[in-house]
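Next up: the structures, one after another.
There are two complexes below, and they share subunit A, which is joined by subunit B in the first and by subunit C in the second.
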Partner chain A sequence: MIDHLIVLLVVLPILGAAVPPLASLRYDRVGWAVATATALGHAALAGALAWTVWTDGVVRYAVGGFVAPYGIELVADGLTILLVALISAVSLGVLAYARHAGPHENSFYSQFLLLVAGLSGMTVTGDVFNLYVFLEITGLAAYGLVASGPGARSAVAALKYLIIGTIGASLYLLGVGYALAATGTLNMADLSDKLAAAGYDSTLVLTAFGLIVAGLLVKVALFPIHTWQPDAYADSPDSVSAFISALVSTVSAYALARVLFSVFTVDFLEAVPIARQALVAVACVSIVAGSALAVAQSDVQRMLAYSSVSQFGLVIAGFAIATPLAVVGATVHLVGHAVMKGGLFAATGIIERKTGATTVGGYAGIAGRAPAATGAFTLLALAMVGVPPAVGFMGKWYIVLGAVNAGSWPVVAVLLASTLLTLAYFARLAERLYFAKATIAPEAVAADGGERVSTAMIVTVVVAAVLAVGLAAAVPVIDQLIDMTVFELMLQ
Partner chain B sequence: MTLDLLTTHYNYYAVVLLLGIGLYTVIESRNLVKKVIGMNVFQTGIFLFFITLAYRAGGNPPVVTEGAGPYVSPLPHVLILTAIVVGVSLTAVALALVVRVYSEYGTLDEHTLEELYHD
Partner chain C sequence: MSTGDADPAAGDDEGPGLYVESTIIMTTVRLVAPFILTFALFIMFHGADSPGGGFQGGVIAGSVVMMLAFAYGIDSTRQWLDVRVVSALASGGVFAFVGIGLGAMALGGQFLQYAEFEALFGHAIKYAIELVELGIGAIVAAVAIGLFFLLAAGFDGVAEGDSS
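After this line comes the complex of A and B, so read on.
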């Protein structure tokens, strides 16, 4: 049992996902209970795996007993257990939120569990083709979840997401093909040796790098290939926006880090400086363009979506700089962003239910009508801007320190400018919430009946806000986890 | 040499052509169904790429018998079987979404949809 922990992380949610459709034959609303039981089991497995890795070091598992590099290998190291723990925690949080907020259909929870399975698979796999399969499982479940919204708008958003996401995953697959042609292997550890043997200046290796990175960047949603993301986040149900904004891009960015440091390794980045410069340049453009687009939005959820484009630029810039400090910073920001953005989307859902406000203009003067949600929203927004001591500050601080050490001054300038821009769009909202005159009359919502909000929804958002500050204390742990990861990083 | 490349690598030209046509259709076509078709053509280009990669002149199926080598690596074929399954599921989900969009808006034209949104 203990040997199979790592594969159970994927198997359990897939088995769980099969239960709600079968149960639909007799019972209508058992999806939530099944999903919660499965997510609790997943959390227990994640905890046990984390403990094993923490005490005994890296865990390697050969699926079906076929030894690597011929079979598929699953690998759990420091960064893996961090991401697995994040997936478990966010799923439980979203389930607590969705208990009341819905959707309530059994099929929704089936897709929810498939998404958990896909994300866990992407996190633990040590095989590049297996990563493609889990990327597509994650994608398929995410398209279905986005489409679970009430209107046909969500179907349009899901279709757009599906087409762009599929092109991204296909580019990744094409890159894997080039890597296979160059080396004849798909195992990540084996690839890193054989790619070096094939020569980093080989056309096959360079093309493989370009295609794989481009494909994953589509999934991460950096500018200018982010166009699927604002619609997908804004037009889906609140539980779904909170879930996918917290996890889908996050795990794709993790996969990119895995490809950079475990497959191509830092030797490649040093041998081919243009690859690294290109990645830094794309990340910097994304930081600036994402923030500028966020400032221009009038819909709060779309603003949050564009903010993700900018924040993921930061994370990718940290990974591209590739010094230990910058990678720790990028990882802290990756995890911190997941908690903060998930919490922000969940908070917008509560605010909309209580006050009917969805736009920046509508947020004026409504702080008193939903005090807990708006308070948590403001706290999360400030954490995202990077006000110390929140986790948003710690992540950006380490990335900037890493950039300074590496002498990447343009990155330092862009990072500092982006913080100002982030402040511009979040401070505007905070100011409206507390100091402006209300534009929506209170009775306008009361006439609709005003949807009820459960305590669990508010508790979820408040916990996210507390974590956004509290996680800053976990930075030394994350530092230690990166040390336990199979990464080869730049020397300072 | 150039002629040699032209005559022996025609599979790769087909790959490039399929990828190009697919991507162009996805970007350029205003019709949602045609976008899905373009997506399929793009993926087919990748399938052909992997299968071509696995070709080996004079190779035998990888069933080990005395003196039967050289063998063809079965790995790319297996990968593509998986990728085809993934492609079929994606097409199914895409078409389901197209049906829902059409029943709601009565159009499959991207520009008309945009106009409907702005009203």
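After this line comes the complex of A and C, so read on.
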């Protein structure tokens, strides 16, 4: 049983996803219970796998008994278990939130579990084509979830996401094709040897790198290929916004790190400096443009969405610098951002239900009407800015240290400037929440009843806020996990 | 085939001009449908060792239902092919796939290690792969049919929530 943990992590959510369609023939609202039972099982498996990797080192699994490099290999190392634990924790948090917030349809929870399966698969796979398959499962489930909103706007957002996301996945697949043509293998560990043998200056290898990275960057949503992301986050139901903003781009960025360090390796980045410079440049442009666009938004959810464009620029910059310090920083920020952004989106949902406020103007003076949610929102916002001792600070600090050590001064300048811009849009909100005069009269909300908010929803947001601070203490653990990862990083 | 019994007049409540009863189309479809369904199964069974497989076969099987809908009207086809059948096909396909995978695991192999079944009966590798292909075919056919019925139902329900 213990050997099969890694494959069960993917199989269990798929099995769970097949139950609601059958169950809905008899029962109306059984989806939530099925999803929660499955997510609890997933969390138990994730915990057991994390323990196995932590004590015994890297776990490898040959699906169907076909040994690597011919069969599909699943691999769990330090970074994998971190991401798997994140997926489990966020799923449970979102389920607690969605119990009351909805959507309540059985089909929603089927798609939810398919998304969990896709994300888990992307995390544990050790095969670049298998990664594409799970990238598509993740994408298709996410398009469906975005479309589950009530209005036509969410359908349009989902269509946009579908078209751009499919282009991204196709670019990735094309890149995998080039890599296969150059080496004849799809296994990640095998590819890293054979790509080196094919020569890093070979046109096939360079094209494969460009296409794979471009495809994954579409999924991560860096500027200027982020255009699907604000609509998808802002026009979907709150539970979905919280879930996909916390996980989908995060796992795509993890996949990019996997491709950079486990497939192409740092030797490639050193042999082809232009590839690395281009990646750093795209990341820096994304940091600045994302922040600037976020400042310009009046809708709070869109502002949070553009903030993600900027924060993922930071993460990718950290990975592109590729020194151990910067990679630890990028990983801390990757996980920290997932918790913070998911919590922020969940908090906006509560604030909207309690006060009706959705815009920066509307947030004025409403702190007293939803104290827990606005308090958590402010705490999460400050953590995102990078106020110590929150996890946002730790991530940025390590990335900056890594950039200084590597002598990438432009990155250092952009990082510091972006923190100021982040402060500009989040401090503005916090100031309005607590010190401005209300623009929405309390009676206006009281008149139409103001939707009820469950305790579980508030607890979810508060737990996210606590984690945003508490995770800072986990940085040494993350440092150790990176050591246990099959990455080849640059020497300091 | 039991479809022949479906009353074409049941399609009355569809929008005007959507469905035209035609003896030629109905007769052709009635003749051709069994062959297409057989061809779909043929393709599914060929997934293991030659071009073909569950995805392609499933789409062809699903297209049979679409053809019936064009010949006999969408509503009467919807009544004939109950939603329970479609759901059972989709979920059952997943259960078949996962069941074979987990079964190999229970016998001491890896997930989907077909060779483990050889101990139980001969040529088990081939039979297990064919079963997996049939499962995939059932999922694909059910999803294609479900999507067709959903699209055919129109978007009236969606427009209401537009104000949010």
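Following the convention adopted for this analysis, the second predicted complex is superposed on the first by the 492 of 492 C-alpha atoms of A that agree within 3 Å, B and C clash if a C-alpha of one lies under 4 Å from a C-alpha of the other, contacts with A are read in each partner's own complex, and residues count from 1 in each chain.
Note that in this section a residue touches a chain if its C-beta (ideal position, glycine included) is under 8 Å from a C-beta of that chain, and two chains touch if they have at least 3 such contacts.
Model, not experiment: these values are computed from the prediction.
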Touched partner set for A:Ala152, first subunit B, second subunit C, both or neither: both
Subunit B versus subunit C as contact partner of A:Leu174, first or second or both or neither: first
First, second, both or neither for A:Tyr143, with subunit B first and subunit C second: first
Partner chain in contact with A:Ser24 - subunit B first, subunit C second, else both or neither: second
First, second, both or neither for A:Gly470, with subunit B first and subunit C second: neither
Which superposed partner A:Gly210 touches (first subunit B, second subunit C, both, neither): neither
First (subunit B), second (subunit C), both or neither touched by A:Gly375: neither
Touched partner set for A:Val11, first subunit B, second subunit C, both or neither: second
Touching partner for A:Val63 - first (subunit B), second (subunit C), both, neither: second
Interface residues of subunit A shared between complexes with subunit B and subunit C: 151-153, 155
Residues of subunit A touching subunit C in the complex: 4, 7, 11, 14-15, 17-19, 21-22, 24-25, 61-65, 149-153, 155
Subunit A residues touching subunit B - in the complex, by the definition given at the top: 129, 132-133, 136, 139-140, 143-144, 147, 151-153, 155-156, 158-159, 162-163, 166-167, 170, 173-174, 177, 180-181, 184, 186
Residues of subunit B touching subunit A in the complex: 19, 23, 26, 32, 35-36, 39, 42-43, 46, 49-50, 53, 73, 75-76, 79, 82-83, 86, 89-90, 93-94, 97-98, 100-101, 103-105, 113, 117
Residues on subunit C engaged by subunit A in the complex (per definition of touch): 83-84, 87-88, 90-91, 94-95, 98, 101-102, 104-105, 109-115, 158-159, 161-164
